[in-house]
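There are structures below to look over.
Shared between the two complexes below is chain A, which pairs with chain B and chain C, respectively.
What follows is the complex of A and B.
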């Protein structure tokens, strides 16, 4: 029995709410501010550095970003990476973790085979040379294939498979279902929350990755969005330093830069508030360390 | 004689059983093939390239035929000022992050736990955890805009009569800048771990404390914090295992050449000697191997320590103990 006493909203409560609100504002405002800079005319952004709402709307920065930079193709490449890479790694993770939780002869050996590379890695140069040798350089596969299976995720899925009651399977087996049928018809539907959680983690990681694009992709139109953004930010710092007069300064205004950054975080901004619970699930489902 | 033949037929039986099991599970083996291939190609094959640490890489000859040069790359390691500087910075920045970034998530979690309005808590939680899921590329862009000469921070400083600060290029404060921006991005999400632990505390403990007349601070001090002691210990111990990773994404996107002395870490250094200037692949692999070994030792030691503290260990619970 739990009795809820109605407590007074004390001064201490007020202080706690205020502290959390003020800190929250400092976390949130820089992100919000960059959205504002991207949607107001440039003179407004200069006139009112500390905006709380857009005094006037102007979406020309977005028009410019999509028409004159590689942002559009970057969104496409990263979107492909999220979908293809996410689907591939989810399929591989499910198949692997399912098979390894069955009493296969030699499964410990296979487990060890997958475990060992988590402790050693070739490092940046051997990876680079490998991608080159495989002929994957400058293709989207260089961004998808190397990260297709994560051993940590496989282990978490194995724990999950192990935690499912065996009776489920046994009764299905009596009805004549085979291993594959059991996996797809009985077990996977039970795993929807954890599948959603890890698909989302993967989607965020795929959307946010930029270093592989920097290493393996040379053609601007094949670069993922984050690599494109990095180039825009780096270039703009150079161009604003070099050109004090002339039209060149109009190329990457703060507004355009911020518009590009907002595009780079838009999917996460749009989905995160609604999908937050899946992200949090991962903490209780997973290992201690995130 | 008879014994032997019994043993033999026993073994035969066992082998037959295994064969039957393999046959019975053939689809499961087929399921494993794509993963095995992927791991072999992308995780094992690069390990072959580690031999470059002992070679002078010649692109025309490839990995296998490049000439051996013994330990020359490692000798260069201990005498190269750039590397020693990066090594020092890595340790300093990591330690700053381990020690300075350790308490903010705990404080946040305790604060959140004191909020009674569920809706307020949820909204704030969303705001605080959100930056964790934004890439450092975007974050660096926003931070650069915020702290630039004409950015918001300097506008505020000048409007209240203070001098402009160029935190983006000032070596004396840059490490602190790195620490604070890392906390800004990560502390909210870090708090979630502690909130999960707090949710596991038996509510009757709070009721008992209340009956004993404990006030709010006493409840925090005597119930909440002891209740998450284990989680605090594990998080603290495990954060040491990342001592060689000072935050490549963050620093690579925020630093510039005027900050190499204070902010060039091993990972950024390896990138630069590999892909900028005149690349020296062999030396780069040697640096990678050196840090890889330290990483491995740190991981094993601190993973073991965290198990002593009651942690699960990284990969435990995968294969059923049978």
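What follows is the complex of A and C.
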């Protein structure tokens, strides 16, 4: 039996590990310290701006954030945005990209029609007026519909469709399958990694977006979580009212900011591990034509 | 493992959400004299479910309802402009109109995007308020009123009381004693102030191995020196009937040179020009710094004291930390007036006459005895209780439950006499009281006043260039740390912007 040769740990290996460890630390520590700032009393954060562990625990920043009833509704709205928006986005993107890779009459015109707005956007006011006139203002659809199709993703999906062997489709057609059957029974199962990856991208974008909530939503209970968190941060730093009324909002602003950061980040972080296995395959899918 | 962690994260989020605040309710019993119910769309920085019973009371008493448009103070740029540009302004919109966006307000009024406030002769209390308020006339456009301007303090419509809670010095009195430079009464000349800062550096009374930071202040321009040398340094000022650009005054250059020298000597905090938000305060709080230039207002001082007590466990706050009365190089102790209005409330041109009358009735009521009592204290048994002797005890801040909906729109926010005692420590209130008394009674006090003519001036060049405030700040910050004499570079910068400043001055002095 051949003895497996033990790999020596060389100085180069050490250097590589050290560099990677330092890079990892520079990415991880600020995040870790932010979490710590959110869970210590203000005076501890002042005394130790950089910590390795919390010297004392204080969850008043989270209390302040969660006392806003809009946080619960915000998580719900953002959750709906992620699920509904993600599902809608995938359906529309798949159908659009599949159609554009088939011999569709006026295909080039449709392609150009979709391409032009990626270079020349209508701008905020026309978008606002459109949403208003469609009657979507102050509804969740104002947050979902405008961003439901990304042309960049359509192009990547089109490349993926084009990279699949034509024989797959031909044999299915010989067996009597139509376009719908081919798309849903044959092609989509092959596209799981790319769908998962772009669903995750979409989910992160949907979860993180706040400006549409600011623009189109006027009722606090209908705002997505990021808009709510932004408002909480704004509220915790209000100074005009304080200075004129002589009142203080008894909360540690940095702590609230960091608590909001954690609240905003945690759910989407919880989502990642479930889709991670598709990530590497998905991210390169459509990029290289085989 | 990853999935377990994910589930834990998700579960902890759910637990957090379950603990979200619930609205406290109090039954409101009041009869309305109005038969027809009206609904107003209205801006508010607080979500509807956070409103206190005061809003319910107003709703019932005036038979109205609100459709709330949530907004934050930072939304002016996005939300408000888009509303105005698309004709989607709510019936009632409250906004902070200042010298930066005043021209915009004027344009909106001239373009018919705002509703004119009708003649107030049927509302004597409102009429008296606008007649007495010194800022109100500036908001008139072509002789018509398009904004309801709430005063900063209903009891000081003419703005005669200076803002005593302004920027000033607090210091470590125990260290002053330690270095042998303490003076009874905490009153120091500029020279003595410099000596004190120098002694803090040389004798290191904090005992920290990194030394004592002698002097620091909140973020620029609120750090020592500039304002003391040149109180109006960042704006235009009328001198002998003509406006001059105060950055061009010799005393502003002196201020820069002084700060530059202090920086070179290591007296001014070395990170001062890159400090953010509360960095300087944190240095003082953690016992690293001797003199802090900060806002001497009860909420700020109380926060400093609370944190100092937590960090420096052996400190005797009332005795060891005190206000420092420093006369500037011109021999004056500088304070400032605050701008004498709080917010402007504007109305949609789509709002009906009936709605306008109803809202003015609410405003008029807010100036009645009952309304003033409500505005000051909120709702009995919710915001405050009254004992048998008639003394009020505040149990919940009345401002937070009803901001920006009604009372602040009418008569501003009032400071209650007895409220502070229940919120702030004795040491805080003692310091603030001493400071206020000193500023109001000292022969050397001098207060920077607002020039409303200038503040609301809407000349094209003035609106375009202003006084080059931000560029000036950045240049001063940079030059404070310059290795040599900063004068030449300062002059060069001023000369680079002078053609534009001259255009503004020509406009102002025309």
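By our rule, the second predicted complex is superposed on the first by the 202 of 290 C-alpha atoms of A that agree within 3 Å, B and C clash if a C-alpha of one lies under 4 Å from a C-alpha of the other, contacts with A are read in each partner's own complex, and residues count from 1 in each chain.
Going forward, contacts are C-beta pairs under 8 Å (C-beta built on N, C-alpha and C of every residue); 3 or more make two chains touch, one makes a residue touch a chain.
Just so it is clear, the structure is predicted and the values come from calculations on it, not from any experiment.
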Check: Is A:192 touching the first partner chain B, the second partner chain C, both, or neither of them?
Finding: neither
Item checked: Touched partner set for A:42, first chain B, second chain C, both or neither -> second
Check: Which partner does A:180 reach: the first (chain B), the second (chain C), both, or neither?
Finding: first
Next item on the list: Could you tell me if A:31 is touching chain B, chain C, both of them or neither one (first, second, both, neither)?
Entry: first
Checklist line | chain A residues touched by each partner, larger count belonging to chain B or chain C | finding: B
Note to self: Just checking: does A:67 make contact with chain B only, chain C only, both, or neither of them? Give me first, second, both or neither.
What the structure shows: second
Next item on the list: Determine, under the contact definition given at the top, whether A:273 touches first (chain B), second (chain C), both, or neither.
Entry: both
Next item on the list: Look at A:124 in the shared chain and tell me whether it touches chain B only, chain C only, both, or neither; answer first, second, both or neither.
Entry: both
Notebook entry, point to check: For A:8, is the partner it touches chain B (first), chain C (second), both, or none of the two (neither)?
Noted result: neither
Item checked: Set of chain A residues, in rising order, touched by both chain B and chain C -> 49, 124-125, 128-129, 211, 215, 230, 254, 269, 272-273, 276
Check: Which chain C residues qualify as touching chain A in the complex?
Finding: 2-3, 5-7, 9-10, 12-13, 16-17, 19-23, 45, 47-50, 68-70, 72-75, 78-79, 82, 85-86, 88, 96, 152, 165, 277-278, 282, 285-286, 295, 297-299, 302-303, 306-307, 310-311, 338, 342, 397, 399-400, 403, 412-415, 419-420, 423
Note to self: Using the touch definition from the top, list the residues of chain A that touch chain B in their complex.
What the structure shows: 2, 7, 12-13, 16-17, 19-21, 23-24, 26-28, 30-31, 33-34, 37, 49-50, 92, 95-96, 98-105, 107-108, 110-111, 113-115, 117-130, 134, 145-146, 148-149, 151-152, 154-155, 158-159, 162, 178-180, 204, 207-211, 215, 226-227, 229-230, 233, 237, 254, 257-258, 260-261, 264-265, 268-269, 272-273, 276, 279-280, 283-284, 287-290
Note to self: Can you tell me which positions in chain B touch chain A when the two form their complex?
What the structure shows: 18, 21-22, 25, 27-29, 31-32, 34-36, 38-39, 41-50, 52, 63, 108, 111-112, 114-116, 120, 124-131, 133-135, 137-138, 140-146, 151-152, 155-156, 184, 188-189, 192-193, 196, 203, 216, 231, 234-235, 238, 248-249, 253, 270-271, 274-275, 281, 284-285, 288-289, 292, 296, 299, 306, 311-315, 317-320, 322
Next item on the list: Please name which positions on chain A make contact with chain C in the complex.
Entry: 41-43, 46-47, 49, 62, 66-72, 75, 124-125, 128-129, 132, 211, 214-215, 218-221, 223, 230-231, 234-235, 238, 240-249, 253-254, 263, 266-267, 269-274, 276
